[in-house]
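I have a structure I would like to understand better, so I am pasting it below and will then ask my questions one at a time.
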Amino acid sequence: MSHREQTPLQLKFYQVIFGTETAAGKWFDLVLIAIIIASVAVIMLDSIVSLDDRFGDLFLRMEWGFTVLFTVEYLIRIWCTPNRRAYIFSLYGLVDLLSLLPTYLSLLVPQTAPLLIIRLLRILRIFRVLRLLSLLSEANELASALQRSGRKIFVFFSLVIIIATIFGCLLYVLEGPANGFDDIPTSVYWAIVTITTVGYGDVTPVTTAGRAVSAVGMLVGYAIIAVPTGIITAELSGAQRVRKMRDMLEARNCTNCSAVEKDVHAHYCRLCGTGLPRPGHAPEPEIPDEEGIL
Amino acid sequence: MSHREQTPLQLKFYQVIFGTETAAGKWFDLVLIAIIIASVAVIMLDSIVSLDDRFGDLFLRMEWGFTVLFTVEYLIRIWCTPNRRAYIFSLYGLVDLLSLLPTYLSLLVPQTAPLLIIRLLRILRIFRVLRLLSLLSEANELASALQRSGRKIFVFFSLVIIIATIFGCLLYVLEGPANGFDDIPTSVYWAIVTITTVGYGDVTPVTTAGRAVSAVGMLVGYAIIAVPTGIITAELSGAQRVRKMRDMLEARNCTNCSAVEKDVHAHYCRLCGTGLPRPGHAPEPEIPDEEGIL
Amino acid sequence: MSHREQTPLQLKFYQVIFGTETAAGKWFDLVLIAIIIASVAVIMLDSIVSLDDRFGDLFLRMEWGFTVLFTVEYLIRIWCTPNRRAYIFSLYGLVDLLSLLPTYLSLLVPQTAPLLIIRLLRILRIFRVLRLLSLLSEANELASALQRSGRKIFVFFSLVIIIATIFGCLLYVLEGPANGFDDIPTSVYWAIVTITTVGYGDVTPVTTAGRAVSAVGMLVGYAIIAVPTGIITAELSGAQRVRKMRDMLEARNCTNCSAVEKDVHAHYCRLCGTGLPRPGHAPEPEIPDEEGIL
Amino acid sequence: MSHREQTPLQLKFYQVIFGTETAAGKWFDLVLIAIIIASVAVIMLDSIVSLDDRFGDLFLRMEWGFTVLFTVEYLIRIWCTPNRRAYIFSLYGLVDLLSLLPTYLSLLVPQTAPLLIIRLLRILRIFRVLRLLSLLSEANELASALQRSGRKIFVFFSLVIIIATIFGCLLYVLEGPANGFDDIPTSVYWAIVTITTVGYGDVTPVTTAGRAVSAVGMLVGYAIIAVPTGIITAELSGAQRVRKMRDMLEARNCTNCSAVEKDVHAHYCRLCGTGLPRPGHAPEPEIPDEEGIL
């Protein structure tokens, strides 16, 4: 059986660490987010050579402090959760573990360049902020709009990559290695930089033909930047409309004086006392609001 | 008591300086905005070395002229407002004061480089244009749409910063200090420059792996640029719809000939003279229009 | 009297040159647009030094050909229009004249560098394409959406300029002339390049503080790019909705069988023959559709 | 007669190769898309000089493998399709053929630089991914939104090109060849790079007047980037609304208890058993849903 009985102490810790209903749970989340951001800031500052020379020891000691703190938190999370396996192998559980390992590994192996990638796994802590963000209803609304648009955005990205490949090849032919378009992957990189309107300028067309074709590519990019925006906006507008529509459908007009009644629980008109019709939606919780009505 | 009685003269000045209902009040605002823009232009031109050499004296004299004008205006504002404390400690009151101080300070201290920051406080005058802009209903509509979207935009920015941190670290590992990615803060700066599609080109990926990961980052940036647009558009569309919807709800159909009557105050059908039903919304000013109905 | 009587020949020319209803009028517009584009292309190619050396004489002869053609057209327009003064002093009439003058002026004055600006007035011909574009209903729909959004976009631009001024001054203080931020106008130019996400990279922050503040500026720019998009989208969606809504309001349900009838002129239900109610909108042409109903 | 009778074997192959209803048809599409992407990847990698030196032979052998595979597929497609002429001269049929030819041509002619363009025709294979994408309903929804917006986007592009021409000429006059604005085509290229917010930085204004005009051009570009977004969003929102609206129109309220019934086929109210009115839309399949109702 995966769900164990929790002792009262475990339940209490569980409510504070995983929950947000209690005041203690909210404070725990706020303190945790501050510590995560501080630990990420230390990793960033540590990478600056001049600061590392001066404050390297301090940074190392702080990193150990954060690591011990997060280790204790990780162990308590395992101890108090009702379903240990589910937590450990969840995305957030793996992130919690992975961002701890590098500091302990540094005890075993001297810190050398090849280990840089492993050490930077600590930066994964920033993902933990996502878990706390996801407690906000706004984040969930955005996430679900993105999710519903997922397939359309995939189609859109495929289209962008096809267009970038064609424009990249065209410019490779027109400009060639002499003008910085060394090979097709470089040219496709240039095309993506151009179509997304980033425009570094590290590779740029020099010939008149190349510039003319680039200009067409930019206008195409300019037009198709509209597509993902349209997709997301249509989703968000739709979601907003559903919420408002539901309110309106629940409103009723008095059959006698036409006054509007928005309270689902009212039985009589506030203005003339006539009995109101039954609200349209109230008795139908099974209507799938997520799909949208209007 | 914070609200004093105003003398008739104070009331008159108050209406001209703070109000916009009277013709004098409107003219005062237009003249003030012209003077503010002129004074900001002088500060800007004064910073150009070649112009400062030639016209430095003229600029100094103009600056003193503007400062005396704004000082007189500031004192009159304090004198004529019914609630002095509220004005002085309001955001605009503080801006009014702060943008005056640097010129007077220059009398006490010779103008040296360390004082540059203090002198540039004068540029805060540009914020005073905001106060005048906010008198336009369009500005308030935009401001309230931004305000309602505030939490969503905060969530969005957190997400962008998390994504920029991850891409910055990836490129720091892939490119390293040899290719301009000196440390993680620089790499995160590069990631923000890339994701927001600014793309200066002062730091650019050189290795194939770095370019491939950058291209993914650009496409991600391209897709998420859609999110704030979608948020604002949904808010603005919603607000517009509410305004239009209210008009339509107030329209009534004649029970006899179905003709549409949009005038709330009509009692009889214009076409056939039949008595009209009471308008649905008219007697309900308490419905919160700002929240939106549809 | 400003409106003269047209002779039948003048009327005929007027219909072909100014109108688009007749087949000849449409052909005239298509040929004219082709000649305008060709003449603009010749001006552009003529500015390329290597082409001017080789084909300068050809370009000059073509330019004279175009000028004679456009002069004849201009004179016919004056001759055949019923209201000469109105045409000559209209925007398009002035553009027609201004784009002819430089070629004739070159006869009087030898072509020297100071005249470059006058010669380039010929490029104004491109504006004449606008006149032909404006015959498309899509162009008018876009133009009216932009016009209705005009005040909001003005407020938005004021806001962008205020933000650019503040960020420009901040970077001027943080980076200073040593890092390319020579004076405040240059810094404000940099701020506009950054906030609009153009990002040339000719002026870029170098210090850590400058980069951090720039990153904030980019995120702000990224968020406010959403605002004009939202404004235009809300207008375009609204206009589209009005058109669709009008269709729906004109539809009626049969009182007997509930079947939908969209034809305004129907009197009886197509399915059961019951008399239909009068259409809601049909007798009210005075409803201002441009303002929008929903 | 263009439509031949298919033998059972031809029909079977046809269903697998052209169709997607059968499991075999789906697998065929997935395998084909993988092979297409692999073959495009080989062409790209082959263009990198260092890889070509080391793996040139391997790439050549793989290319021959892909070519033989695609040739067999092409011949089977011709053999099994009921209308050969229609397939061969369709866009996809031509792409299928054109992307095969270069490899065979290389047998006849030694691979030299002038043939680079012909060899790169092989990259057209990427278009074949489009055919498979178009099987997704999301792709068709996006495509039809783009198609309906086509004329508006054409008007928009004409406007952008007119604005770019004007700004290009202005900067050519203000900056001139000394500052990189060599001729008008280069200046118009710069204007398109700027207005689309790509901003390479290979050509940038240097004079104060040039920078001021550029800043205005960027703000204009920033505002009109909103237009295509608004066009696409209005189309996508409209399409989404139509789908939702149709669902709602088919819903009916019980005449007795006002309960909502969304099932078109219901005859009695689920809650009180009263007979329901006939659904509004169900008997009217001729209503053009693609045009949109609301």
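A few notes on this one:
The first chain written gets the first letter, and so on, giving A, B, C and D; residue counts start at 1 in each chain.
Note that in this section a contact is a pair of C-beta atoms (placed from the backbone, for glycine too) under 8 Å apart; a residue touches a chain by one contact, two chains touch by 3 or more.
Bear in mind the structure is a predicted one, so any value in this text is a computation, not a measurement.
Its interface matching that of A-B in over half of the contact pairs by residue number, A-D stands out among B-D, A-C or A-D.
Looking at B-D and B-C side by side, the one with more C-beta contacts is B-C.
Both subunit C and subunit D derive from one sequence, and where they touch, under half of the residue numbers involved are common to the two copies. Least-squares overlay of CA atoms from subunit A onto subunit D yields a rotation of 90° to the nearest 5. For the pair subunit B and subunit C, the distance between C-alpha centroids works out to 27 Å. Each chain gets a centre from the mean of its Cα atoms; for subunit B and subunit D, those two points are 39 Å apart. Of all residues in subunit B, those touching 2 or more other chains are 156, 185, 188, 197-201, 225, 229-231, 233, 237, listed in ascending order. In terms of inter-chain touching, the protein chains here all touch one another pairwise. Taken together, the subunit A residues at the contact with subunit C in this complex read 197-201, 229, 233. The touching residues of subunit D, when paired with subunit C in their complex, are 151-152, 154-156, 158-159, 162, 165-166, 169, 172-173, 177, 182-185, 188, 194, 197-201, 204, 208, 211-212, 214-215, 218-219, 221-223, 225-227, 229-231, 233-234, 237-238, 249, 252, 277-281, 283-284, 287, 292-294.
Every residue of subunit B that touches subunit C in the complex is listed here, in rising order: 40, 43-45, 47-49, 116-117, 120, 123, 126-127, 129-130, 133, 136, 138-139, 141-142, 145-146, 153, 156-157, 160, 185-186, 188-189, 192-193, 196-202, 225, 228-233, 235-237, 239-241, 244-245, 247-248, 253, 257-260, 262, 271.
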